[in-house]
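In the two assemblies presented below, subunit A is common to both, partnered first by subunit B and then by subunit C.
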Partner chain A sequence: MAAMDAGFFRRWLTLAAAAVDRDAARLTDLDSAVGDADHGSNLRRGFTAVTAALDADSPDTPGAVLQLAGRTLVSTVGGASGPLYGTLLRRTGKALGDGAEVSGEELRDALRAGVEAVARLGGGAAGDKTMLDALLPAVDALPDTAAARAAALGGAEATVPLQARKGRASYLGERSKGHMDPGAASSALLIGALDEAAAGQDGTVEGDG
Partner chain B sequence: MAERARVGIVLVSHSAEVAASVAELAAGLAGGGDLAPVAPAGGTPDGGLGTSSELIAEAARRVDGGAGVAVLADLGSAVLTVQAMLAEGDELPAGTRLVDAPFVEGTVAALVTASGGGDLNSVAEAAAEAYDFRKL
Partner chain C sequence: MRMLINAPETVVADALRGMAEAHPDLAVDVENRVVARRDAPVSGKVALVSGGGSGHEPLHGGFVGPGMLDAACPGEVFTSPVPDQMLRAASLVDGGEGVLFIVKNYTGDVLNFDMGAELADEEDIRVTRVLVEDDVAVTDSLYTAGRRGTGGTLFVEKLAGAAAEEGAPLERVTAIAQRVADASRSFGVALGAPTTPAKGGPTFDLPSDELELGIGIHGEPGRERRAVMTSAEIADYTVDVLLADRMPSGPVLALVNGMGATPLLELYGFNAEVQRALRGRGVEVARTLVGNYVTSLDMAGCSVTLCEVDDELLRLWDAPVSTAGLRWGR
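After this line comes the complex of A and B, so read on.
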């Protein structure tokens, strides 16, 4: 993938917000099976606030875009996905530093740092039926964003038979099996939006206003 | 040393009512006299169930007298939000600590200790010891 600037990262998050908006009902349905049925509405509120924050204050580096988005998610989501996604984006943004453009490899390494921060915060690991099950394989597949998208989706689908070991769903024990983890599902949307943004990089007129 | 600052206490719950009621309960059980400052940070700003980093930051600023702030949280996003804020370094007053303790019992122990002039370590230890109060 080509070098990515602040405009690319804004498009990524705008596409992620659109995907969350489109799939909010599905995310909430998944959460009603194992949690408190607010994942879709919480994330929609958060990502709506992210697009508004990016419109109001146009950060001019990739790192600053992600840090603003992460801060906004922590303060607006209201559920556990706020600090988890907020940490993911802020740590990734911090790891990107303050360069005006980043390469696919730099994004991969920064995202890995972000995912590791999420794992530390939540105390989770691969196979616990969490967002990590989508994010870890996605990071491994980068900088190929199409492969990352497929890996995230595959990781989310692979959470269906798992028993939850973290969060509210873990109280359900065996009954948490048979449903896709809502956090893995929303993480797959986020990585899918990254691939959409990358696909739009070639052949589109940069309209960064 | 008449007016030494005391450790402040912030109560983070998914529910505004739970946070406020635990603050009231702890103040009642801590006895009369001059109590250390306690501030509830429950629910979301619009009154729903959840966690608000804005309410948490505001409560911590309100109780911060320079001796540190002990934060007790109920579960899930309340714990994660405080941890995420602490990890950023600049969102909570210096000397703010998330205390690993049961919410109700830990708050009573923390408030008694803080009101008696205990420092942040003592408050955190007293709150954590509440895990050992077996009921059977």
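After this line comes the complex of A and C, so read on.
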């Protein structure tokens, strides 16, 4: 993939916000089965604030865009999702440094640092039925964003039979099996938006088709 | 679903506006979601800050005032507050002697309070943290997020708050809070599911002829479901579970708590059975509190919290407190 500038990262987050908005009800339904039915509304509140923050303040490097987005999520989402998603974007942004453009390989390495920070913060590992189950295979598939998108979706699907070991869903024990983890589902949306941005979509609404 | 609200999105802000109107001795920042003592910061006093998702009222905002919390940070319903709230609260109430964060053990609360503590540290506010994890219904702490913080939180906030009011330094207030957290055990029972405003319906299905033993305060599932039991049977079951986990060697404080939709008439009847069960097993109850203190929206049911106390902790319990939800001695 071509080198990516701040504009690319803004488009990525705008597309992610649109995806979260579109799928908020589905995320809340997933959370209804294993949690307390608010993942969609909490993330929507956060990503709406992210697009507003990026509009108000136009950071001019990829790293700065992701760090602003991460800080905004921490300040607006609450629950476990706020710190976890906020840390993912902040640490990824930090690892990108302050260059005006980054390569696909640099993004992959930075995202790996961000995902590792999420794992440390939440104390989770692959197979715990968390967002990591979507993010870890996605990072491995980068810099091919289409492959990363497929890997994230596959990772989210693969959480269905798992038993939750982290967060509120863990109290369900065996009863958490048979449901997709809401955090893995929203992580797949984030990686899906990255692929949309790489494919040249710009996040604006195109007609009503 | 019939609820006394304007819209699900404004439930927390509307409640904070109403709190401000009802309690002029509280400084309620509706926009930034901090409830604080109006006289904060109290110079020379350690400050206590707690918080968590809304829906457990009077916890935590109703426990702000002399003798208990200096500030509370309410999140969205059943969603932990964000670190900015904890930083704002800590800055507002720090009287120079440091701030104790009292945190219930939920993944979101722990992460957000830790981040808030980091931000406060960057502003040179001294912060300590005590985690409340008193719910004995959780038997498998290895493969879950661990024991949940529930009714024991009231005892931690009251006793540590009294110590701070007496002028104890941060290390001492923190140690007392930790002692109380370690000595507290809770167990809850659901007779019906709570209704969240966002969902507009019950958060889980509980057949009308069953109850859930070991319920969490967000409707987390408990140890088992059984056919409906009498108040006496529920009391025996609950007391057995609590004492099996920790048999006190001295007197206890007992909180017989309603989850939100169970009438006081039933709660007092239940308390009679709890006291009988405790007496029958040789446990001396020094003080009892009955009422809706750590609730779960409109969930029907109850919980019992026991906290073993020595003379010092008992004195701190009896010390004056003046909050919206708990008030005596002055």
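By our rule, the second predicted complex is superposed on the first by the 200 of 209 C-alpha atoms of A that agree within 3 Å, B and C clash if a C-alpha of one lies under 4 Å from a C-alpha of the other, contacts with A are read in each partner's own complex, and residues count from 1 in each chain.
What we mean here is this: contacts are C-beta pairs under 8 Å (C-beta built on N, C-alpha and C of every residue); 3 or more make two chains touch, one makes a residue touch a chain.
Just so we're clear, the structure is a prediction, and the values are computed from it rather than from any experiment.
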| item | value |
| --- | --- |
| Greater subunit A contact set [subunit C / subunit B] | C |
| Which of subunit B and subunit C A:Pro137 touches, first, second, both or neither | neither |
| Partner chain in contact with A:Ala37 - subunit B first, subunit C second, else both or neither | second |
| First, second, both or neither for A:Arg90, with subunit B first and subunit C second | first |
| First (subunit B), second (subunit C), both or neither touched by A:Arg165 | second |
| Partner chain in contact with A:Leu121 - subunit B first, subunit C second, else both or neither | both |
| Touched partner set for A:Pro59, first subunit B, second subunit C, both or neither | neither |
| Contacts of A:Gly192 with subunit B and subunit C, given as first, second, both or neither | neither |
| Which superposed partner A:Gly173 touches (first subunit B, second subunit C, both, neither) | second |
| Doubly contacted subunit A residues - partners subunit C and subunit B | 38, 42, 74-75, 78-84, 121-122, 167-168 |
| List of subunit B residues in touch with subunit A within their complex | 44, 48, 50-54, 76-77, 80-81, 83-85, 87-88 |
| Subunit A partner contacts - residues on subunit C that touch it in the complex | 53, 75-84, 106-108, 111-112, 115, 138, 140, 143-145, 148, 196, 198-199, 203, 216, 218-221 |
| Residues of subunit A defined as touching subunit C within the complex | 28, 32, 36-38, 41-42, 74-84, 121-122, 163, 165-168, 170-173, 175 |
| Parts of subunit A lying in touch with subunit B, wherever the complex brings them together | 38, 42, 74-75, 78-84, 86-87, 90, 117, 121-122, 167-168 |
